Amino acid sequence: MAKELFFIIVGSVFVNNFVLSRFLGQCPFLGVSGKTETAVGMGMATTFVLTMTAVAAYFLQNYVLAPFGLEPFLQIVSFILVIASLVQLVEMVVLKISPALYNAFGIFLPLITTNCIVMGAALLIPMNNYNLIKSIALGLGAGIGFTLALALMSGIREDLEFADVPEALRGPAIVFITAGLLSMIFMGFTGLVPLG
Amino acid sequence: MDEYRLITTSSPHLHSGESISRIMFSVAIALLLPTFAGIYFFGFRALSLVIITSLAAVLTEAIFQKLRNKPITIADGSALVTGMLLALNLPPGLPYWMAVVGAVVAISLGKQIYGGLGANPFNPALIGRVFLMITFTTPMTTWINPIDGMTGATPLSLMKMEGISTDYTKLLLGNSGGSLGETSALLIIIGGLYLIYKGYVDWTIPASYLGSVALFVAILGQDPVFHLLSGGLMLGAFFMATDMVTTPLSKFGKVIFGIGAGVFTVLIRVYGGYPEGVSFSILLMNAFTPLINRFTVPKIYGEVKAR
Amino acid sequence: MNQYARMIIVLMIISIASGAVLALSYEITNPTIQEQARQKLEQSVLTVIPGATKMEEIQKEDMIVYIGLDDEGNKKGISFEATGSGFNGPIEIMVGYNPIEGNLLAIEILSMSETPGLGAKIKEEAFTSQFKGKSSEEEFAVKEDVQAISGATISSTAVANAIKTSLDKIVKIYPVGGDL
Amino acid sequence: MMANSILTSILSMGGLGLVLGGGLALASKKLAVETDPRADAIVEALPGANCGACGYPGCSGLAKSITENKAPVNACPVGGASVAEKIAKIMGVTDIGSTDDKKIARVLCQGGKSEAKVKSEYHGIKTCKAASMVNSGPKSCSFACIGFGDCVKVCPVDAITLEDNGLPVIDEGKCTGCGLCVKECPKMVLALTSNKNEVHVRCRATMKGKDTRAVCNIGCIACKLCEKVCPFDAIHVKNNVAAIDYEKCRNCMLCVEKCPTKSITSAFAARKKAVIVEEKCIGCTICAKNCPVNAITGELKKVHVVNQDLCIGCGICQEKCRKDAIEMVRNGHEKLDECSACAASK
Amino acid sequence: MQIIKDFVNGLWNENPIFRMVIGICSALAVTTAANNGIAMGLALTFVLTCSSILVSLLRNVIPSKVRIPCYIIVVATFTTVVDLFMKAYFPALYEVLGIFIPLIVVNCIVLARAEAFASKVGVARATADALGMGLGYTWAITLISMIRELLGAGTLFGYQVMGDGFTPWISAILPPGAFIVMGILVGLINMINRKTVKDTDCH
Amino acid sequence: MLKTFKGGIHPPYNKNLTNFKPIEKAILPKKVIIPMGMHIGAPCEPLVKVGDTVKKGQKIGEAKGFVSVPAHASISGKVTAVEPRPWPGGGLMMSVVIESDGKDELFEGVKPSKSLSDLSPDEIKNLIREAGITGLGGAGFPTQVKLSPPPEKSVDTIIVNAAECEPYITADHRLLLERPDDVVLGLEAIMKATGVKRSFIGIENNKLDAVESIQKVVQGKEGIEVVILATKYPQGGEKQLIKAVTGREVPSGGLPMDVGVIVNNTGTCAAIANVLKTGLPLIERITTVTGSGIREPKNLLIRIGTPLIDIIEQCGGFKGRPGKVLMGGPMMGLAQSQLEAPAIKGTSGLLVLEKADVRLYEPSPCIRCARCVDVCPINLLPTTLAKFAEKNMWVEAESYHAMDCIECGCCSFVCPAHIPLTQHIRIAKSHIIALRKKK
């Protein structure tokens, strides 16, 4: 079991990184990878929400949708609503309990609703028949993978501020190509752990 | 008074006389050693591969700069070094056109799109190699035995797939299967030591890289000497992990870089899908370099501890 | 109208409408979806059991076994699913087996996500056909019993191992030479 | 079966909607965050160049400060009167302060490559700031414009260009008077003055006349001719350099004519001239009496005439005329800086 | 006239993929073959158009405080419909597009158009805009997938195009290929755009 | 192990042009220009006006404020101008121009003081201030201010900076060889004025003859120790010297007195001795005139205010076409363009490089080789700072400690890309100071 959990986490951080290999969470990956501070803040906020979502998705799937046979047609709608309200809830709770924390990553929370990494992870849970612990591992792994990709990209982009990048490539283009190279590098991890 | 006009500049008014081209050509000279080994073992094909990739690299650089209306700086030798390094990382039997693709990718995607020398986040030669690796996997993993010219496996894949070890003298001298320039550990070490002696390579990276590989391999119960001498580790540790542009600035950062590269190399070699992980690990640490730089800002003279 | 009441009501109406639309479209599509899935399954079962035109699904211990029947209702062989862990994710294989003679009939890769151009070649005839006629007693060792795809040893091994593992289970249920 | 599934889904969705709606309603009541809609409106109204000339971090920073009454509605120097008016409307303020007095940056040096002597050959970072820190710059006159164009780079509206002789030229139409260039210039050869002022002393060299002459052939040599010619006591030589008292200057441009080194400049071709509206003139002679250059002649109760050659366009006559019978008319075009192609296409 | 403008807008000026660079997850993930690109594009166009129409119709009914949940429900509903129908009638395609069909629900393009455009204008304009955006998305990802398929497999829409001697560039259909092709295309389109801007420039 | 510090470089020293040449007295200048601000701090107020006659040693500029020293006439003659004049710092500086009467008459008020043993600490400090003594190393910090630390700082060590790490310059070297007694007397005066009992004289090991010379004088004197230092630039940097000699690190943004140290230059000590012995204020100093562009390199004892061109002419004039004239050494010296500017108190050397010897480089992109990082004696990241400076990122530059840069020039010296790192950092510093002032 512990091994499997390890595999799930390593798998979603390195081998099949959610951003660089599964193509989830591209918008924030492009949008908030400009500065390392914001990138890490966004990454942590997303990791938190992802873990919460994994739990919620697990319970929703196994105790509401599946037993009542609603899964095939209410899954999407219920997941997205749960994510949206969860994000809202987290925002309120964080604001209430720690304004400092809210200032640190509260601004990212509204962006997370439409981050498809959250929805993607939620959908993967029933698809892979994960139990609760594995679901949490997946959420955590996805979040860490997202944070890692974001942090690496932000470091490179901060350095690129000083570089004479061809004008046409400035902005998203160079980020895409760099992401491609990163993704290429991450392919070195293939086969590191059994997947699936 | 008017017959001459004095020159004013900001101090200092002396310079060591060091220049980028001098550094690059020194590296190129050091690279000649493993190149000779490659030519010795793999013959004319090795020589022609080196020449073709170097030419392709230099030409790509010139064309790219021409298109951007920037001064053409191929004379600084950096594209030449990239081309040579790439060639040394290729299997001797690779079709020429693939080698050219590798060189073009190395210079364009690996370097010029970031604005050229000094701005590239990743080692261009390795980008070229890894690109070829995932694009033309089969030709990139078809190795030639130096002695009989037959296809065979590298010492590392022999080890990984069949658990067969290769003896040290073979590895040291270079008459084993592998990339053009990676087989002779001895010549690579000599070239590397030359660069360290000249001060163009910081010893901390090779030391921490090789040291950590040996240590982790030993922990995992495999033969550290075999792992040090086989595969592209020596070439990587002395010539690619030490690429100034893509490695951290501070000594401490360099040590972290070396250890990180070592850990990932061992991980991929021992557990991963690929038999060799040097290129991937160095590139991965390249990606980490900006973050390492950020968190290893040296403590300055007289920095007061937090009050 | 109180604005809060309005918020609740509007949201509720939209939710209900959405629920209705979804349920309706589910009812419309569900039979087709089920049919599609069944057809696909049958298709692959019939592929791996030559001569079979119909299939029967039975549960034996913890394995689901599909029995292939010809037009006359003769049992031509059984098939089962094997799952292996490949380079990039799970590999699902449908295996056709003849318990009487104790050898494989054919295999088909149902799903996989191996590297295109490399590991993905396990799907190709050149690879799958070599399992045909292999005895359940063989070890399926890659490079010896099974020719691996060059550059994709892991994928090849994954397939071979997956088949061997499931086959060993099946052999316990249907001993070689036994009845179908 | 079918009805059943529809029913369950409707029920569950309806429930979800109820819970969500209720929750949101409750939340919006309890946790209402007051975002000031005025701030957004102000951001819309601002030019959005984020130039920072106002001293706040970007346009949104200024908007926030305005809503908090920490900044005046006319705090945006770039937007000028029209923006101030819009913001005032948003804020519900009527007193918007004086904004018609638009400021424009002026270059107060004419020591270009061909005019000012160069004392040394500077090598190094090619910015004015860097050059000014090495031996006080390469030009012999330590007040001279260095000419690497730091002001050009800093201008948020691209109003400054570097001329061939190495001096910046300001497009007065584009200049918003944000003053960033003034702050940037290490030699302080840029200054903000009102757009009403047309005459400028374009030299800041405080050396003695002969020393100035030795380093620059277009610098102020403190000869005081301008002082003597000025009918309004508006120009004085202080610290070896002429300075205009803009309170008194009437843009008559006499000093410009007189200046032997041409260090005082104005758009001389566009000098104003007084013109008497014949229908209105009652021949009161007040204008003639007040004209400092005796350019108006005419008999009592008869229409007066302005001698256009003598008139200096000071506008005193216009002010004095009780019948509003004098107009100030410009000679040339007011502006010639619009791109002719653009003008043609309009 | 306005309607045509709205329609064309999404095709080029504000092309969601190449110009605004939003909703690119699926543009990267499913573009391994040209067929997939078209299918994904049409699926998204359907959801986008239906949601935009509905949001536009309901724009005066929905209170602003609950507008986002409402939009989400609307979008999710149409997404599920597409999901179900695809599963039923195009099972092969469905399998390839996989998780990215349900993920239309969080595709920035859909919500962004609903929030920024459809909720402010009439049905006709909303429809034109949604169609433009959807087709803009479709052609963009079809182009990407064509390039990737051609390089990576030597085929186009499944038909062999390259000669027998062609060695497929496998990396093109691997994740790195997606990013790199995307990056280069965005760069090229930037270049074209800048050139046209320069030509119309005054000086 | 020789004492030294971390980082630093080994530039070509070229000291053998002048290190064997005895100090030579310069001929009396016809005209001197005395700038009113030859020191850090507020410039002096001129006390004379055009037409006044002044005598050697007469005070002609009154110090304004605490961190300031008076200025004195260095020759006798007539004041011909009181106006801004070019000076070596660049630009114009209010100066008093004196036309010599050729008599070189001493001002009546100049008299030797009481012997050192009879002077109280405050009297010594006052003497130093009134004599207009500033640090003669180049920066020109008023010495008396240095010697008056606030009561809460307990100073326990005096260091005489005799490292003279600047290439070419040999003024201190010659001083140590020819007048070691003066150096030690000045040091003793400083020790008495501050009440410090322990002192070191730090000399680089490329001047072992100087060590020998001073060792003879120091022998038997309590509390004075000669420390031999490794030859490495910038060994004579105040912070580096303190680190090498005492092992202490001056805190960032702090002063040597924060770690209980006062550093004085060799020349300063000799100047103090001169005041005690003759009463003559600081009106002359030793300057090394050297370089490939000078016909006869010399160590000259010149009057403060002598126009640079006069000094050059006394050394045989230019050899070949002059390219650069530097006031000070090649590492930290200021490039001059107007040779009518005068020598000032901080003019330790005058280096003339022939045009052919001046190498100018076009910078190429940084390859992050980190050589600048390795040589920076402060352990800064010069390349990062330069990048920030290029992008006007002053706040970031400040957070990477730009203000701690001592502008020694090591980074620019080693940069293979020829990036003017030091200049970039200097610009960043000036911007940071401006920003700080704003706040």
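Residue numbering begins at 1 within each chain, and the chains themselves are lettered A, B, C, D, E and F in the order written.
We adopt the following convention: a contact is a pair of C-beta atoms (placed from the backbone, for glycine too) under 8 Å apart; a residue touches a chain by one contact, two chains touch by 3 or more.
This is a predicted model, so every value here is computed, not measured.
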Handout entry: Fewest hops from chain C to chain D - one hop per pair of touching chains
Key = 1
Practice task
Would you mind checking which chain's C-alpha centre is most distant from the centre of chain F?
Solution key: C
Fill in the blank from the handout: Dominant interface by pair count is B-F
Practice task
Could you give the separation in Å between the centres of chain D and chain F, each centre being the mean of its C-alpha atoms?
Solution key: 46
Practice task
Go ahead and note the Å separation of the Cα centroids belonging to chain B and chain E.
Solution key: 40
Exercise for the section: Could you please state the distance in Å, as a whole number, between where the Cα atoms of chain A are centred and where those of chain F are centred? Expected result: 60
Handout entry: Averaged-CA centre spacing for the pair chain E and chain A, given as whole angstrom
Key = 21
Fill in the blank from the handout: Multi-chain touching residues of chain B, meaning two or more other chains, are 5-10, 109, 115-116, 118-119, 131, 134, 137, 273, 293
Practice task
Spell out, as numbers or ranges, the residues of chain D touching 2 or more other chains.
Solution key: 5, 8-9, 12-13, 16-17, 20-21, 24-25, 28, 119-120, 123-125, 130, 133-135, 138
Fill in the blank from the handout: chain C residues touching 2+ other chains are 7, 10-11, 14-15, 18-19, 22-23, 25-26, 30, 33, 87, 115, 117-118, 154
Fill in the blank from the handout: Residue positions on chain C within touch of chain D in the complex are 4, 7-16, 18-20, 22-24, 26-27
Exercise for the section: Under the touch definition given earlier, write down the residues of chain E that touch chain A in their complex. Expected result: 21-26, 28-29, 68-69, 72-73, 76-77, 79-80, 83-84, 99, 102-103, 105-108, 111, 171, 174-180, 182-184, 186-188, 190-191, 194
Completion exercise
The residues of chain C that touch chain B in their complex are 87, 115, 117-118, 150-151, 153-154
Completion exercise
Seen from chain A, its contact residues with chain B in the complex are 36, 151-152, 155-156, 158-160, 162-166, 169, 174, 177-178, 181-182, 184-193
Handout entry: Residue numbers on chain D that touch chain F, as the complex places them
Key = 119-120, 123-125, 127, 129-130, 133-138, 140, 142, 206-208
